[in-house]
Amino acid sequence: MTKPLRMIAASALALAAGLAPAWAQRSDVTVAMQLEPPHLDPTGGAAGAIDSVLYANVFEGLTRFTESGEVVPALAESWEISEDGLTYTFTLREGVTFHDGTAMTAADVKFSLDRARAEDSTNAQKQLFAAIDTVEAVDPRTVRVTLAQPDGMFLFNMAWGDAVIVAPESIGEIKSRPVGTGPFRFEDWVQGDRVELTRYADYWGEAPALEAATFKFISDPTAAFSAMMAGDIDAFSAFPAPENLPQFEADPRFQVLVGSTEGETILSTNNAQPPLDEPLVRKAIAHAIDRQAVIEGAMFGYGTPIGTHFAPHHPAYVDLTDMSAHDPDLARELLADAGYPDGFTTTLKLPPPSYARRGGEIIAAQLRAVGIETEITNLEWAQWLEEVFTSKNYGLSIVSHTEPMDIGIYARPDYYFQYDNPEFQALMEELNATTDAAARTEMLQDAQRMIAEDYVNGYLFQLAMTTVAKADLRGLWANAPTQAVDLTGVSWAE
Amino acid sequence: MSLAERDRAAAPAASGRRPLPRSLWIGLALSAVFVVAAALSFLWTPYPVDGMNIPARLQPPSWAHPLGTDHFGRDILSMIMVGARTSIAVALLAVGIGMALGVPLGLAAAARRGGLLDEVIMRANDLIFAFPALVIAILITAVFGASAVNAIVAIGIFNIPVFARLTRGAALSLWEREFILAARVAGKSAARISAEHILPNVANLLIVQGTIQFSLGILAEAGLSYVGLGAQPPTPSWGRMLAEAQTMVSLAPHVALIPGLAIVFTVLGLNLMGDGLRDLLDPKVRKART
Amino acid sequence: MLRYTLKRLISLGVSLAVASLVIFLVVEVAPGDPAAFMLGINAEPEAVAALRAELGLDVPKWQRYLDWVGGMATGDFGTSYTYRTTVAEMIAERLQVSLPLALCALALSTALAFPAGIYAAARRGRAGDLAVMGATQLGIAVPNFWFAMMLVLLFSITLGWFGAGGFPGWEAGLWPGLKALTLPAVALALPQAAILARVMRSSLIEIMGEDFMRTARAKGLTRRQALWRHGVRNALIPVLTIIGLQFAFLLAGAIIIEQVFYLPGLGRLIFQSISARDLIVVESVVMLLVFAVIVVNFLVDLAYAAVDPRLRRRT
């Protein structure tokens, strides 16, 4: 073929392609994430990766979270709450079927809730169901849940991935072949590599734009970078190496979505271990920390400073960062006032994520500057759970608390912070029994102030959600109100 | 790469003839650079080794920072100097463990050659050799926590059979020699003969093998701390510097290049030194030479 | 020979029993509860207890040990705590990566080492020998994981020829699979090749000093002809022994390389299981590796004894 001829042929092809955009329209997507789920039962494990793959895609609950963290109806189309706040009557949607073709009825809801709160339940968030007294299937489309005491969080709790509706027929194989009611059905799981989903034709709601989706698991940050650059994957949810994000931002082939998570990243402090049991000492630590340096150094700038244990994007959030502004001189003074003019030595036990490992080194250097020596120990998650979380054998640690609305953990004196404040516990009890929105907001703000004033922990930053995607992919969640990669609204730009 | 397989392979490696002084001198010079750097780091480093300067991070080598800065803006030259200390200390102590336990075991096995003790010691040696060294080292540090001390123990354990076997092999032939027979006739106990006559005669071999195990220990320490199981921060270690550099490679290649080169040169220096020493000390090679 | 075999067989059994006990003890004293790990920080103690019971972790240790050993004897390696699939299945799946990787690395290192070793031996003491020996010194000194990082920097990040990690699975086709294993195999092979080349060289040099080689030369063969016809073949025995042993170690020894390239192989399985405290997987995989090495050693000993009767009397 001569040169001009070849050019004509090429432009003819281009023209043909231009005339038929539908050809080029992709209807599948490959989304990568760092961790692989150990199994596929969201109601039987804490691993966030389970929810990331399955939440809203394969499984649904009575209610669900939207991208902004709002709770909206899902399998329950509506509900009524009795005057005393004790009885919730849910009306289920019509025509909902599980992926095996069987109908989703009130009996399935009763089964799911009873299973989650049973004596031998292995649900990782069993406290979500603690308030439930009885669950009755009134008729196939009506479920009545009676609470033992009022619970202002009940509808919120039902939106968690741990509260999704499962069927008794398919429960036996749920860990390897999950069957839900969502817009995508589970297709295949190649362990160590990927999970494949396909569109469920009989979905009750609006059909998703995608016909097929693949979740790929790439734990190594370098491999993540190169897979994205090579175009092997279309998106990477929660990209593991923030240092590489500017390169993606500079590249027109990609977009970087920066949102927020529910992860309050804190310098966990053992409030029962001397000298950390001394509020003045904890206050000194708070002033010794330069959060901006931590965010910059550990996260390369991605993250929002926080001054208390609450998500900044939440309407009830109070900005209390000034209470623990970086002031090494004040920190030294406070230490002297507390009786430690020469500082002291404590332990700093760090779990695997890079925010903890890198942040830990930075904080150790900042604490050293005011005279506090830390012995750093890097731990695996299993060891961290045993040593820090269960045995409370630690001085300081760094962890992101990713559960939404989890300020209630400060009311548990046996929680690993070992913070025991009866006033705070009373406030939480009151909060749980309150359903009025304005009153709840006020109480939540009081709670934030109370723990900030007691300097229970060092409050560092809200973990950012950073997703890298091809430039023409639309509809991915930027925020992570819960661990989820909701594909229902995802499509390719035309 | 497992520790044991290198041990096995390293042993016959240098039985050939080569010009003696050159490898010894090059090896000594290379090793000396790092030993001096490590020693100097106790007194002085260009910058404080934990001095963070986040705005100045990932800078390429310059006059101010001859080897550049890392992801926290720390001076890499200072970290390499202190890291040398960590590597050398871990490897040296691991060799120490191997010798302190392996040599007496080897001597005992040779003294009771053919007996039950010999059999038990040699079977136990074979057993340790059969374990995948790195996997066990990872297990040990996972069980007892990651620290330099546990890295030393984990590497040291696999040095024991190396020295036990070497000592036994060399001692066996010595036991047949006349001067040992003379000592036996004189009524000396096996333990005394081992200590007074056998040990001095296997010392040269042990020094040569010790150098080789030392270099293997440096590699093993680097591997362990690369997977996060060696010395803990803020103590710098070359392996951990490499692990932390991994995601920075596309931004600043020097952070991954420099610690790697430090390992290569140290190990190379020690290996050359070991070869040179072998030529110098091993009577078999010496005889072949003359 | 029969007595010798019997003696070695008993010793093999004792070794395996001791090894299994050591592995079990080391793994079981590790702090960390797999059930607590799986349920995370919000789990209630009763849920963890329920899961422990479900996983069979609440029975006494000695009984778990006996169950484990008994199961292995019948080919049942147990069921993984975290993945809830049988350990045998997981090992089989991981071997699909580890086995080809080890084979590729071995083939590559042999292909590099043989010519280099023979060449160096033939030119002993001359410039070519020095060059090869210098290169092997360097090869031994390079940590393979660092070499791997440099390969990634050059071939995946800068040149974009290979992916920086991951494995598409063989069902994606032979070529993509091999492509994913190329850089890891090179990283593994280089230090191996350096070791092997040195062994090949010294083994050849030793053999060239033997009487039959002198006879061959006396028969009129040139140095090179003698080397090829008689030397290489005889030098192969120690080299092959080392290759055999290296292979067993390569299966697990790739653990750090698998980590660098995120390959779902055996080494990585051990690593993952250790961090998740999936004890039974750790125990079974380590036991399998130890078993392989012990059995290979046993067979090598037997083979040598069959060839050389003197060895039957242990010295």
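In this document, chain identifiers A, B and C correspond to the written order of the chains, with residue numbering beginning at 1 in each.
Going forward, contacts are C-beta pairs under 8 Å (C-beta built on N, C-alpha and C of every residue); 3 or more make two chains touch, one makes a residue touch a chain.
Since we're looking at a predicted model, the values are computed, not measured.
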| item | value |
| --- | --- |
| Chain centroid nearest the full-protein CA centroid | C |
| Chain pair, A-C or A-B, that carries the greater number of C-beta contacts | A-C |
| Gap in Å, rounded to a whole number, between the CA centres of chain C and chain B | 21 |
| Rounded Å distance between chain A and chain C, as computed from the means of their C-alpha atoms | 40 |
| Between chain A and chain B, centroid-to-centroid distance (C-alpha), Å | 45 |
| Contacts with two or more other chains, residues of chain B listed in rising order | 142, 246, 249-250 |
| Residue list for chain A, restricted to those that touch at least two other chains | 222, 225, 380, 383 |
| Multi-partner residues of chain C (each touching 2 or more other chains) | 31, 152, 157, 259-260, 274-275 |
| Complex contact set, residues of chain C against chain B | 11, 14-15, 18-19, 26-27, 29-31, 124-125, 130, 133, 137-138, 140-146, 149-150, 152-153, 157, 188, 191-192, 195-196, 198-199, 201-203, 205-206, 238, 242, 245-246, 249, 252-253, 255-256, 259-260, 267, 270-271, 274-275, 282, 286, 289-290, 293-294, 297, 314-315 |
| Chain A-facing residues of chain C, complex | 31-34, 36-44, 46-47, 50-51, 53-54, 82-85, 90, 93-94, 152, 156-157, 160, 163-169, 171, 259-262, 264, 274-277 |
| Residues of chain B that touch chain C when the two form their complex | 1-2, 4-6, 8-10, 12-18, 114, 123, 126-127, 129-132, 134-136, 138-140, 142-143, 172, 215, 219, 222-223, 226-227, 242, 245-246, 249-250, 253, 256-257, 259-260, 263-265, 267-268, 271-272 |
| Touching residues (chain side chain A, partner chain C) in the complex | 38-39, 45-47, 119-127, 175-176, 190-193, 218-220, 222-223, 225-227, 229-230, 232, 352, 380-383, 385-387, 389-390, 401, 403 |
| Chain B contact footprint on chain A (complex, rising order) | 221-222, 225, 240-241, 243-244, 247, 293, 296-297, 357-358, 360-362, 364-365, 368, 376-380, 383 |
